[in-house]
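Here come two complexes built around chain A, the first alongside chain B, the second alongside chain C.
Right after this comes the complex of A and B.
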C-alpha cells in the first residue's frame, strides 16, 4: 500500500465521476496542441519561404492579388515584356537575374493545367544589347551573399525549383512540376501536346510544396505565340544578390515602373505572418479557456469527490493520517487527472494537427515533443491549482464525521 | 492512560451557545475496560472524540499518557492516534474500493511500514479474526459481521495499547456481536485499555466500569458492572 495505490484504486473504482474533468482538460489540451503545431509549422514555412526567396522581388500588374508568392504570377493580368528591357537598361545595383513569366491556362488530354512561360538565362546573355547594359556587372557594395560559381546542379533544368530561373530551354521543351508529372503520368523524354503544339519533356522538377508543383514550364516566347497573348508577361521576378540589395531595389523599381506593383517576399508572406500571429493569440486564448473551463471542471470534480469521501477522510485521520497526507491524496488524484487529460489531449492534438495541417493550411505537420510536454505540464499545473482549494478543505475536515452513521 | 481536567465542550446552535459536555475530572487507567453509556444526545461520542484527539475541548485539558493532547501540534496528534489509539466504528468505515487486506494495510502504510511487511502483517491479522479466506474480498462482498472483523483487524494493525469503540455492536446480529465482545475481552486480557461507547446493555456489562452520561454530564461510574479484569 502506497499513496499512489490508494489514489489509483479510487480512480479505477469511480472512473465516470472523473470523466468530465478529464474530458475538459483533454479538449483544452487538444485545441492548444493542435493550434500550436499548426502555428509553429506555418511559421517555419514562412521562414523557409523568406530564406529561400529573401532576395527576390516580384513585379506584378497593379491589381494583382498577393496571397501566395508562388501563384502571384497567375492573376490573369499582364505587363508589357519591354519592362524587362527597361530594368536591364537601368543598370540597377544588386540585380543578379531576371525571370519574366507568363501564365496561361492549357490542358493535357482534356485536364486543365497552368502553362507558365519562362525565359532561360542563356537568352539574356545572348542579347548583345543587354550585355552592353552590363546588368550583371553592377555589384552591390557590402553584399552579404557569399559568391560561388554556379555548379552543374545550378545549370540543370531541375534548378528552376530552387533558383527560380533556368539556364537553357528550347522552344519545343517543357519542364513539369512534380505533381503535374505524377497526375498526367509524364516522364522525361515523353511527348505532350499543349495549346495544340507538340513538346518534349526535358525535366521533372523535385517537389517544392508550392504552386509550381502543379505547373508546366515552357519557353516564354513560345507560350506568348501559342496563346496569342502578345509580348506580355504576368510577372517579372527580380533576383537580388542579397536581402539588403532587395530592400534598396524596391523603391528604384517602383520609380522605374510606375504602372506596376513592386513587392518583396516579406510583403507577400505578410498575410500568412498575420494569420500566424492571430493563431498565436488564439493559442493563448485556448490556454485561458483551458485554465478556466478545465480548472473549473477539475475543481468541481475534486470538490464533489471530497464531499463524497468525508467519512473516508475522517476514518483516515482517525487511523493517523495527517492533514498533509489527506491533501496529498487529492492533489495526487488531480495530478493523475491532469496527466491523463494532458497526455490524451496532446496525442489527440498532434493527430488533429497532422491531419488538418496539410488540408487547411497546406503545411506538413510533425509531432513537436516540447510543445506536447509543455501542454501536459500546463494541464497538470491547472489541475493542481484547481484541486488546491478542495484538497485544503479536505485536510481541514472535521474528522469526527467518521463516527456518524450514514 | 487518559485524564480529563475541567473539560468543557460547547456547540453553537442558532446563535446560542450550548454546553454539550462538561467534566471536572475523569481518569481512565491503563488496562481499564470502560463502557460509556447514556441516552442519545448525552455526548458519549463527543467524549470519545475528545479522548481520540479528534475534537478539541473549548476549555480544560485531555492527557494521553501524560501528554496534553490538544497542546500538541496537529501532526503530533496524528502520530499519537496512529501509534497509541485504535478506533472501532459502528458502521465499520471500511474503504469501499479496497479489499479486506488493503483496508488492514492502511494504518500500516500510515505508520511508514514497507508494502511487503504491510501485506504479511495484514494477512496475519485477518487470519486472527478468522478471515484468512477473505483477504481479497471488498467490503461489499462481505457480511456485516465479517466487515466488523476486518475493521477490528485494521484497528489492531499497529498494536495500539488503547481501543476506542463507538457502538461496535450496534449494527451486528447476536452471533457477530458475541464474537466482537469475545474479541474485546481477549484484547483486554492482553493488557489493552478499552473504551466502548454503547447502548447495548450486554456490551456495557462486559466492561470493568460503566460511566453514565446524561446531558453531557457524568452522572455515575459503576464499578460493579465489570465481569472481567486484567487479572482474570
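Right after this comes the complex of A and C.
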C-alpha cells in the first residue's frame, strides 16, 4: 500500500476530524482571498480615477455626499447654472473645459432611470469671446494654453465616456450608457420617450464600469425644461489641464463660489483610500487568524490522530517503517488538509469577492490567480508547520511502549 | 442729510434708467450695434433681469464712466426676460449668465469686455481696445490665429515666414494678419501689452497670437514658417508640468510631480 493511499484511507475513516480541520483552514483562506481581491480592485479603481480624473474638480452643493466621484452629481441638491458663467468670466488659469450636469429621475416604459442633463462644448463657443476679452491683457503664464480646434476624437459622442464632455448634442438627442442601453434594449437611431418628450438615440457609450453606464444623457437645457427644475445643475465638473493646476484652482473656485463645495478627485477618493488601507490591515489580521485558528485546528487534529493511532504507528515501525516515513505520513495528511481547505477557500473567496465587490464597493472584481495561489500556499504552509510537531512525536514513538500500552 | 443725498441720487438714477428703458425697446439692439459700428463707436450693452440695486449700481458706473466718451460709446439695455431680445441674448450667450451683465462691443463687432454683477470705471476704460487690438480680438473670437506685424514705417511689411505659414496646407485659412506702424500713437496701449517698445525697436517684429488670447511668440523679420509652427505647437501643451494632459507621455512622469509637490 502506498503512502498516499494510507493517508487517503485515514482521512476517509475520520470524516468529522477532517471536516473541522478543512473548514477552519477554508474559512480563513476565504476571508483572506475575498478581502485581498476587493482591496486590490478597489486600489486599482482609485488609481484609475486619479490617472483619468486627476486634473478634474467637482463643484457640488454644500451638503452633497462625495462617496463616489461618478455619483456626486446625483445627490438631489442643486446649484444655480449661472455659476458656470461665473467660472468662465473669472478666466482662471488651468480651466480647460466645464461640464455642468443635472440628474433627474425619469422612466422608460415604467422602468426607472437616471436622466442626466449635460451641456455640449459647442454651447461654450458663443462664450469664447468672454475669455478673449478678459484674458487678452494678461501675460501667458502657467497653464494658459492656446486652444486648438476639437479633434475627431473630441467630436465623437464616445468622448463623453473617455473625456467626460461631448462636443455636440441636439435638444432631441439622447446618449445611453452601456448598461442602460442593454437593459432597455435600445439601439442607435431608436426613439424613446423621456419625461413625456420624444428623443432619438444618438449613441451608446462604451462600458466604463461607473455609474455613467446606467444613465441616459440629454441636453441640459432640455432636461431643465422637461423636469421644471429651472436654471440649476446638480454639479459642475471643471476639467483642469493638469493635477497641479487643479490643486491651485480649488481655493480660487471656493472663493468665487462660496455657496458651493469645491473638491478635487484626490479628496473624493480619500475615503476610499482610507477604506483600502483599513482593508489591507484587516487582510494581515485575517492572515494571523488563519495561522492561529487554522494552525491550532490542524495541530489538534494531527496530535489527536497521533494519539489515537499509536498502535498502528507501533505496528508500522515494527514492520520496518522508518521514522521519516511515519513523519511523512502525518505531514502528507496535513498537506492534504491544507490543499483542500486552501483550494476550497480560494474558490469561495473569489466567488464572494466577485459577488460582494459590485454591491459593497461598486467595483467589478475578477479572479486574481496569484492571490489565490499565494493563499493556497499559505494554507499548506500553515498546516505543515502545525503538523510538524505531532508528526515528529509520531516518528519518535517506541513500538515496544506502544504495544505495552495496548 | 447724507441719507437724503443718497436717496435723491438713487431716485435720479432710477429715473434715468426708466427713461432709458422706455427709449431702448423702440430701437432694436442690433440697430444700435450697426449704427455704432458705422460711427466707429463702442457699444456697451447692459443685460439685466430686474431693476434691483446691482443693476442700478452697474448702470450708475457705466453712465459715469461714459460721461466724457459720448463720441466714443453708446449705451443700450436688454431686459433678458423679454422674448423679443432672444436673438441678441443668444448671440452673446448670456441667457443663463449672472445678472446684471455688461458686454462691451467694439465697432468691428469684437467683444472687448464682459462684466458680471459689478463694474468699475477702470474696467470700462479697459474695454476701449485700440482699433488693431479689436481686430485681433475679433479674429481670435472667431477661432483664428493672428499675426501682428509691427513695422518701422507706415506700411508694415508681412515677413516671408508669415506668408509661408499662411499658405502652408496645415494652417491655410486659419490665420489673419494685422499690420501697423510701431509709431502709431493710437496703438500705444496695444504695443504696451505686447511689450513692444517703439523707441528700442531696430527691425520689424511680428507678434503671433492664438485663441483665446495667447501670445505664442514674437519673431524677427528672418523667422521661418517652421519656427512659428514649432512655437504654436509648444503653446498647445499649456505648461511644463510633466503631468499636463497636453504634454505627451505625461502619465509616465507621475513621480516627478509628486516630488515637485512635496518640495513646495
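Convention: the second predicted complex is superposed on the first by the 330 of 406 C-alpha atoms of A that agree within 3 Å, B and C clash if a C-alpha of one lies under 4 Å from a C-alpha of the other, contacts with A are read in each partner's own complex, and residues count from 1 in each chain.
The rule is short, and it goes like this: a contact is a pair of C-beta atoms (placed from the backbone, for glycine too) under 8 Å apart; a residue touches a chain by one contact, two chains touch by 3 or more.
Values in this document were obtained by computation on a predicted structure and should not be read as measured data.
A.B. asks: Just checking: does A:300 make contact with chain B only, chain C only, both, or neither of them? Give me first, second, both or neither.
C.D. replies: Neither partner.
A.B. asks: Which holds for A:208: it touches chain B only (first), chain C only (second), both, or neither?
C.D. replies: neither
A.B. asks: Report for A:231: first if it touches chain B alone, second if chain C alone, otherwise both or neither.
C.D. replies: second
A.B. asks: Chain B or chain C: which reaches more residues on chain A?
C.D. replies: C
A.B. asks: Across the two complexes, what residues of chain A are contacted by chain B and by chain C?
C.D. replies: Overlap of chain B and chain C footprints on chain A: empty.
A.B. asks: Hey, which residues of chain C end up touching chain A in the complex?
C.D. replies: 90-94, 96-99, 104, 110-114, 116, 126-127, 129, 133, 136-137, 140-141, 143, 193, 210-216, 232, 235-239, 241, 243-247, 250-251, 257, 260-261
A.B. asks: Can you name the residues of chain B that touch chain A in the complex?
C.D. replies: 45, 48-49, 52, 54-55, 74-75, 78-79, 81-83, 87, 89-91, 93, 95-98, 102, 105-111, 115, 118, 154, 158, 166
A.B. asks: Looking at the complex, which residues from chain A come into contact with chain B?
C.D. replies: Residues 1-3, 5-6, 9-10, 12-14, 311-312, 314-325, 398-400, 402-403, 405-406.
A.B. asks: Over in the complex, which chain A residues touch chain C? Could you list them?
C.D. replies: Counting only chain A, the residues touching chain C are 51, 54-55, 81-82, 84-86, 89, 96, 123-124, 126-140, 142-149, 231, 241-245, 247.
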